[in-house]
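So, here come the structures, one by one.
Here come two complexes built around subunit A, the first alongside subunit B, the second alongside subunit C.
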Partner chain A sequence: MIAEILKAYNEAVFETDKEAAFEVVEAALAAGLRAEEVVFKVVIPAVEEMMSSITKDPDANLAQHFMTAQIAAEVTERMLQRFAHPPAILGRVVIGTAAGDLHSLGKRIVMGCLKALMVEVVDLGVNVPAERFVEAALEHDAQVIAVSAMMVHTATSEQGARAVRRILDERGLSNRIKLVVGGAPYRFDNELYKIVGGDGWAADGITAGRIIIHLIRDVKSEQNGQNEQNKQHEEREHDPA
Partner chain B sequence: MTPLEILTAAIRGESAPRIPIFCNLLDQGARELGMGQRDYYRRGEQVAEGQLRMNRRYGYDNLWSLFYVGKEAEFFGCREILFADDGSPNVADFVVKEWDDIARLELPEDITRHPAWEESATCLKILRAEAGETHPICAYLTASTSLPALLMGMERWLELLLTGPADLRDHLLTLCSDFFRQQVAAYRAAGANVLLYSTPFSTPYFIGKQRFERFAMPWMERDLAPGGVEGIVYYCGMAPFNEVIPQVIEQLGIGIHYLSPLADLAEAKGSIEQRLVGQNRLTCGVIDDIQLIRWNREQIRAEVQRICQIGIPGGRPGSHFLFGTGVMPMAIPEPNIRLLLEAAFEFGRVS
Partner chain C sequence: MTPILTAASAAHCLRLPVVAGLSVRDLLDATALRVRAACGGSGACGACLVRQIGGSANPFTLAEYQKLTPEQREAGVRLACQVRPQGDLEVALDDPAPPSPWRSVAAADLVPLTGALPELHSHIYGVAVDLGTTHIRVALWNRKQGQRIATRVGPNPQGVFGADLLNRLAAAHATPQRAAELAKLARSAIVQAVRDILARDLGEVRPMLAQIGELLVVGNSAMLALLTGEGLAALLDPDSWAEAVAYQPSDPEGWRSRWSMPHAKILLPASLFGFVGADLLANLLATGLTQGPPGSLLLDVGTNTEIALWDGRRLWVTSVPGGPAFEAVGIRHGMPAEAGAIYRVRAGGGQGGLQLETIGEQPARGFCGSGLIDAVALLLERGVLKRSGRFAQPPGPEGYRLDPENPRSALTGGDVDALQRAKAATAAAMAELLQRAGLQWGELRRLCLCGAFGHTLTIAHAQALGLLPPIARQRIELRADSSLTGCEMALLSGEGLQRLAQAGERLEAINLATCPGHEERFIDHLLLRAIR
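Let's turn to the complex of A and B:
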């Protein structure tokens, strides 16, 4: 049954038909599927399928990304309310557009993908000062700061991602918080993310989800390693021998 | 030959010593005049002066009458533009904040009587007087399907386009298309002869091929119907559009294509050549100018050479080819602008 539901859901998403996608989900629930199953067996696999198809399908387009992300995020949000147990969140991201940049579409697509992949997202809006990104990341204990910029000057400016990098380095936070960037200029120059000090970048929202999850895992494993070390250290200190 | 004659020869496939070379240095004009952008863009005289000086300094072929793209939103009531001294101005106030605002939008009956036109007209008048005989004068016009992005933001526009009520969407598009028709007539009357029809939403990259055919094509036909396609250049804000070149040629009759640097140039050129044998046509090969910020001399020369070799096979005349840039970012170091143009004049020679 899941296979059929997944197929119908994928078709609706591919046609960017939101209503049809919701109908598929409602029908699945009516047929006895649990909310958890809808998210983990339908929505996430669909987002992942989109991930692999965009690299192959020459006709995959922005409208599809937008709708996949939009539909997936909305379905996930609805389903979360019906989860029997609070879901395990993979990690947390703060996202916004760079200082001076008012283009919000890229951010919205990336957010949708992240939500659908069970990453918690804190949206800081548009034209966000660098300090605000870092403060919010600390406040929300986020593993990743994501900065979207659609123009060269906002992507490379001293007030944008570069400043976030500087603050993270100055405050010794680089291992705890990773910086990911994206937007049109990075697609035109794939080396640009390094120049602004990004730990990663992505050409589309779905790849962004993948990269961000990767970075979250990096931070968490580093933290676990750190905790492990601290524990060992403590144990040694307490060890009378 | 004058730049205008070189361009005309390229379109017709007649012989000329070199291909036309377009370079788009817009915001750099303010820096040239030692002004902040807010001040610079206030007066048509200044924009004309900035453009003429950039053109004289580097010797490329085109002159721009464009201030900034967000200016089109001013005709619909936008009052706030975010100026930056290191990059392009941006619309900071969307006149459509909610779908309901669409019903309240008003289009000036005659845009040439609107204050937003006045300074553009002054700029065009000066450009025409100073260089109208010798240089092509470019105008930038946003297509009906893309203009809503400036009125309501990309996000809300895509949402309306994909999921919103069709009557509301069509009402907005009708206004935008009517505006386009007026604007293109006004620019033509004021002496602009290269008309960039900017239509990123009419690309498969944005909306896929099916929507391109069913949704975008009829609106483009409507935009262009009264004025025709003389001087019209198909331009998608640097989004790739190779797949739809056949339809753009056959259904719209546009033979001049300003490509994306992300597109396969040889494929695009082949597609244009094949469909317009013996007719006026022009493939505009565009360099990825964002990379000019960090490229060195060798990298710049190699890329210009690569583009020109595809565009002018064997350096032969009659190649129907133009070399161009996108909106050159201000962060490109001055020496790199020189290197770019030197290379373009060198590799753009025709024997």
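Let's turn to the complex of A and C:
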């Protein structure tokens, strides 16, 4: 049954037909599929399929990219409300566009993919000051800050990702919070992310999702390691011997 | 059938629809194939020689008897300014004017205006300039008599720094040298256009430059910032968009002296909000939008699309960087509305069941904006394209040829994508303004479409793609050059800056980037289908 549903859903996504995608999902639920299965066995494979086909397409159609990410995010959000147990969230990301940049659509694709991949996203909107990124990351206990910039001058600006990097370094947060960047200028120059102090970058939404999940795991294992060390340290201190 | 003027030189062969009342010179002045000229078309200079090789025209005029020898007349030589086609006409240009980026604004795009300043006694000439991102339009007026001497349109040479406004602003902001370079490009283009008019239509350049008393420039904020080098940082920082910038020539004496216009008052209106500036005011003035009924919408389509909605009490305004797709920039075989541009596509006839109409009836070299809309709409209608923007059968990297024989008639997936995003940005912005005003699409009483498409847009196709709202055709007005018209009206009022400022009263500027739900709306409008 899953195979048929996946086929119908893929078709709807391929046609970027949101209404049809919702119809397929509702029919699947009515036929006894659980919301969890819809997300993990239908939505995520469909997003991956779509993104990879778009990435290979020489005439990549951004409009279809936007519509696909939107469908994935909306279907996932609707399914999350019907999960039997609260979904296991892998981690949390704060995302926004760099100071001076109002181009929000690239960020939107990444958000759609992250949500479908079970990463919680705190959207700070557009034209976000560097301090706000860091404050929000601390406030929401996020493992990753994602800064989007669609123009060369906002990607390389001293007020954008570079400033976030500086604040993280100054406040000794670099192990606790990772910085990823994305947007057109990073696609043209694949080394630019290092120059602005990013811990990673990605060319498309699904890759961004994978890289962010990877960084979230790094931060968490480092924190666990720290906790482990602290625990051992405490144990030693309390060791009467 | 409209009679056709065929004009051939060694380099060009154009076929132009005849317009009643216009001379061969008038018709050719709006193309890249111009006759030589040094007077306003009175027959006084005798420079505009053409040779009639077929068809019919009016008999020789008095001026032609004076300027042409009997041998010349015997050989069919005519003065282009004196000869008017009567039915089809074929002429040869043995010695055309040297190539120039400037040509006259098409007669159909010009509006007769009644203003005049009879009290003026000196420096009676005035220049109206519409400084666009892609094109510069200039009109020279005898202000005292209220007479339009001539107009010119040509490319904005700043285009070499990018079709996109932000690229140019960032380039100018990066170094003062680059800013100066960009400013100089625009300033020289303006004076070249004026000099071209003086040389060809008055026959004297320098003495006439000294008779120019006023030069009024309208353009979006970015264009005026790049012209003056002022306010560049403010435009790159969205936090400062709410502050109006008063653009002033950094060195007006220097401008006057380099332009050889010692008496020209140079007037540049202030910006309104962010990128919305004097070009919108000029459009408002030309269309009288706020004098019309509530539910009047103005859409100035271009690289930077500006939209204004009058709801009877307030004027809601926004701008969208819709991308240059409507001007066919960034389209694989996109081109300006020049000879060889596909400006219209019709069903039936031709190979592949599509009939391509090109400017000058030349072999198709590419699409201009209106042709692109027609092409996508017809391919959608025939199921070649799906409403997602995908081709039903992938046409391969070369794209889908509308004319199977002509590779330059091909449309690629990327082209469709660019058009989808541009039209979605425009439609979503209109939807936002309607919501602010509490109006529905069906309540639009009047839609003034200004800018890139000119008069050749097929409204029904623009509606089928979801670019224009589905309202009755008679409520939609095509106003090709209304920002130049508004600038001319302001110039002729004698108090240009005040007139423009008044046109923008009761204006509420909306920054779409901060509107909740705007992105969802944009994405909802990406499908190729009628607005609903």
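Odds and ends about this structure:
Simple rule for what comes next: the second predicted complex is superposed on the first by the 230 of 241 C-alpha atoms of A that agree within 3 Å, B and C clash if a C-alpha of one lies under 4 Å from a C-alpha of the other, contacts with A are read in each partner's own complex, and residues count from 1 in each chain.
Heads up, the rule we're going with is that a contact is a pair of C-beta atoms (placed from the backbone, for glycine too) under 8 Å apart; a residue touches a chain by one contact, two chains touch by 3 or more.
None of these values were measured; they are calculated from a predicted model.
After superposition onto subunit A, the modelled positions of subunit B and subunit C overlap sterically.
Residue contacts after overlaying the shared chain place A:175 against neither subunit B nor subunit C. In the superposed model, A:52 lies in contact with neither subunit B nor subunit C. By the touch criterion stated above, A:64 is placed in contact with subunit B and with subunit C alike. Residue contacts after overlaying the shared chain place A:192 against subunit B, while subunit C stays out of touching range. In the superposed pair of complexes, A:223 makes contact with neither subunit B nor subunit C. When the two structures are aligned on the shared chain, A:108 is found in touch with subunit B and with subunit C.
When the two structures are aligned on the shared chain, A:156 is found in touch with subunit B, with no touch to subunit C. Of 24-32, 114-122, 204-212 or 384-392, the segment of subunit C running into subunit B after the two structures are fitted on chain A is 384-392.
Once the two complexes are overlaid on chain A, the subunit A residues touched by subunit B in the first and by subunit C in the second are 16, 58-59, 61-64, 66-67, 100, 102, 104-105, 108, 151-153. Only residues 166-167, 170, 173-174, 236-239, 386-390, 397, 412-414, 416-417, 420-421, 424, 513-514, 519-520, 522-523, 526-527 of subunit C touch subunit A when the two sit together in their complex. Interface residues of subunit B, counted against subunit A in their complex, comprise 82, 84, 86-88, 90-92, 153-155, 158-159, 161-163, 204-209, 211, 238, 243, 261-262, 288, 290-291, 293-294, 329-331.
Interface of subunit A with subunit B (complex): residues 16, 18, 58-59, 61-64, 66-67, 100-105, 108, 151-154, 156-157, 185, 187-189, 191-192, 195.
For subunit A in complex with subunit C, the touching residues are 14-17, 57-64, 66-67, 70, 100, 102, 104-105, 108, 125-127, 151-153.
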